[in-house]
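So, here's a batch of structures to check.
There are two complexes below, and they share chain A, which is joined by chain B in the first and by chain C in the second.
Entry: the complex of A and B
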């Protein structure tokens, strides 16, 4: 694949937080890439480091205390080493982010209109009137009913779904190259979740963006993403085109994850479970991070951390990679 | 109603036209109708699932069932006894029979009690013989899969899954007949959720429990329940056995709820019905049918007259004027 098809490339990212109880290894050597126009799903359970990774792409982590290593290349430039001026030019303009809880990420004392306009006034040479006209247009694009009225409302006057639409409008204000979404529908009801996912799919095409969606919900992954990265204990354990991941999961963790969700078609009987608990990030296992819970564990797994290796045929240039000695 | 003709001893809990209105005259004159005329029965040994979106009144209903709050109208009876008529002392003995597991295992345990203290507290409240506390506590912890070594730990030393196991052990301490699970697995990671669901099925068999299982997650509710009630905006809109409900849902809201479940596989193509608009404002409910402002099949009658529950075959009840006449997509096929 041509190098310039990659808009974002993460190489050997590590994020550590020193605490009184020891060093938390939140992200422990993650490499992945995002292609232009692609939707990448990042799936994992709580504490697996997926949100920390997303925050480090935006350089939202205070360092120190966080200790960040590795590189995050955006169009070939390392975001982690970028001077602040350069970073401010990109952040919120070319790379934007939406968060899980729209109420806590909106400013409660600023009306919706000015709040959306703020981003544009910061990044673009436009007047206040132009910005608020664009804000109105954005609200229409994210399908908010009575958009004019909404401009003058405060966040608390809107429902959860409407707030998330406002967040999306803000993220789109400067026509970003990359939209990062951290559990964008987790706080929403299912009927609203379906609306927001449909909206994100539509807007991604209209804006020709690349999108990275972080979620714990494999259903959301199946709905929107073309490729999936599975996180476990601060590591990427599997990476595959979405279809391949669902059809032939290769990592025992992925397999377990797919098996332990009750499907609507599941007949009564017991669910398959992954025994044990997620690993403590202060005390990650030396070998494979999944080894303590793995049904296929061998001696090698406990001793040596497996690297991501390519398996099978690439589907349309998309690789299926897995970090497992036994795969 | 078909369900009402069951022999009385088969029915463990009966809710009859239950209403709960909240009023605060300082804020508004009209009442907030959190639960508005809900009737259902829970039979001994079954799992009755209650699904609905946030704000639909399902948690309020669970609190009413346990009489943690008083009903504004209608009645709830447990083993034939009207809860509202019971005195404090009688209520205490009835409450031994019904226990609850809450959603957030972090908020529902006293952080300064050890695991053993948490499990023995109900025994103290109900004046069990003190000699029996420790063995019973050990048995309960073993039942829910917590190792003995954890008995002297504090809650913050436990993981989320372990805490939820502890909440279940505490609820089982009094050998209840009815266990209310209010979003009991919603705060857990999927791999832990599966462990807890399996545990609940095991415990049900071992202890002969009856569950009222409340969740917004349809897949989970379908997995664990025998019968399912769908709530929308304070009302029960459809009740049916789970196979019947999924094979033949008749209320458009149920159809929309099924449609909204994410797809299990990227290749699954489904005929879907995505609702427009938001959950209505609780203070300004639409006239007529409460679903009329979002219903894709809405007709003039729906905006004028609120539909009553009607029976469609055995145990299948629907509150929709046009139930059975609508073409509701089977949106759940291929869903997660």
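Entry: the complex of A and C
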């Protein structure tokens, strides 16, 4: 029964890009899982491999050049080894994705209506009229004003926030099992960000989806996700229910990240930043990826990569795991 | 859109007058007295002098310019000193052949260019791509008169498939006369369309919206034809517009090599004869045509790109 609860399970995922400077190890052995109906937040600094991991789930990376290892099980079936036909059936129907850049993610020469209808015409046995009627309904669901008018508009006539709503409508068109959201609000104004997050949360419940939301913003995580995975240098360094992570962060990197959020209570409003730079993905450290920047570094940390280990009590059946020798 | 076209037409007027004046001056600077050339080697000095007087060649420069320009602006392109026919009637007679050649050339080079460009883009880095891109470089770097001569040698002299002289006459099918000049244009002009198509398809395939299309579950063919090509149409239409201009320009050289009596041949012959009125009339006509073609391209461009079309409707 426990296995059944997992809709998506990633085991030992590695993604490498050979480049002229060397092999980029964008994802370096990531294991995580997504439960049915759950919202999982994936947080980490820019360049730590979040988008690459998400794109691998949809098999959107061109491989070669990318070299992908490990397995990504969707309902027990490995997406990475799936035949093309099966993949094309799942993509856009059962697993859908919204992207980081709403401004450029819609085709500039096709009207909104047909762009949304296209997905339904592809995956469902419906007529064009039915598809555009559904597209209209979807636009209303994502709370676009003048939805009817919007169907006949081109992307450049819409603001970034509206385009992201259209992207969400498109992602929901076939009632997916899993929605992957890659920094859905990063490119938007703060007020719009809050609206989009609220919308995602509402729709996730209405559609009974599982959602994986990637961000470098802990505020977003706190807002929508039930569980968090912390990424650093292509590795998962900590995994915990959201509350537990905010209350008792165990990894020094997570602590650093939390220290970076400005609290209303701190008068100075200065950000505490983690000293040092993100690791170069071409030249990842042998030991713990965070060791070079870690205030609690010991010899063992430099020599051996720590594995994710379970710590503390499981909260509501959800584990708190951390990859740190010192925790 | 209407205002835009009007605006473009208004700037076209000084351009055409400028071309007219430039050609006037250049022709007068080129050595060679038209009277002497037209009357031939045996003409006496008196005959030449009389001819110059009659045709207004002895007037001072500014007067000559004024007279010519005045006539030009009222739509009178003058009369050929050689054939004594009006320039307009000469152009009317020759134009259909040039248009025929240019349009076939444009149509086929666009078709070939776009198809090969797409093929090269989807086989990027593999042998069809290398073959096509290599061929295109050759096509671009060979001058069109050279291609024309080689085709004439091969198809005309060696294989005897086509007549060596391209003047239409009884018993020779139009196809045989057209094929070599059109092929010359296709070889020379499709390369540009091909490169543009290839690079814009490749560029667009890297765009974010292509990833969106793939994420919808579309297969590669649907992504290419349903999404990438629609967006690539904009740069392709632009290059086809340039090509249309290029085809009319190229026709001048190609018609000369194939002795095909079109506008280009008319112009080259007139230059050799120092037939001032014909040179001026034809160049002015060609420049008006090129301006019209460019304007047409811009209008079509606007029709393809919704971003331009909608802005234009608003303003």
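List of remarks:
One rule holds for everything that comes next: the second predicted complex is superposed on the first by the 323 of 327 C-alpha atoms of A that agree within 3 Å, B and C clash if a C-alpha of one lies under 4 Å from a C-alpha of the other, contacts with A are read in each partner's own complex, and residues count from 1 in each chain.
By our rule, a contact is a pair of C-beta atoms (placed from the backbone, for glycine too) under 8 Å apart; a residue touches a chain by one contact, two chains touch by 3 or more.
Nothing here was measured: the structure is a model prediction, and the numbers come from that model.
With chain A as the common reference, chain B sits beside chain C without any clash. In the superposition on chain A, A:310 makes contact with neither chain B nor chain C. When the shared chain is aligned, no partner comes close enough to touch A:298: not chain B, not chain C.
In the superposed model, A:283 lies in contact with neither chain B nor chain C.
Once the two complexes are laid over each other on the shared chain, residue contacts for A:149 go to neither chain B nor chain C. Touch criterion met: A:195 reaches chain B, while chain C stays clear of it.
For chain A, the partner touching the most residues, choosing from chain B and chain C, is B. Legend: residue contacts after superposition of the two complexes on their common chain; A:206 is shown touching neither chain B nor chain C. The superposed arrangement places chain B and chain C with a least CA-CA distance of 6 Å. The touching residues of chain A, counted against chain C in their complex, run 58, 60, 84, 88-93, 96-97, 99, 101, 104-110, 118-119, 122-123, 154, 156-157, 167, 170.
Chain C meets chain A in the complex at residues 207-209, 211-219, 222, 226-227, 230-231, 233-234, 304-307, 310. In the complex of the two chains, the chain B residues touching chain A come out as 53-54, 159, 161-162, 189-195, 197-198, 201, 216, 218-220, 222-224, 246, 256-268, 272, 274-275, 277-279, 332, 335-336. Note for the complex: chain A touches chain B at residues 45-46, 145, 159, 161-162, 189-195, 197-198, 216-220, 222-223, 242-243, 246-247, 256-257, 260-264, 266, 268, 270-275, 277-278.
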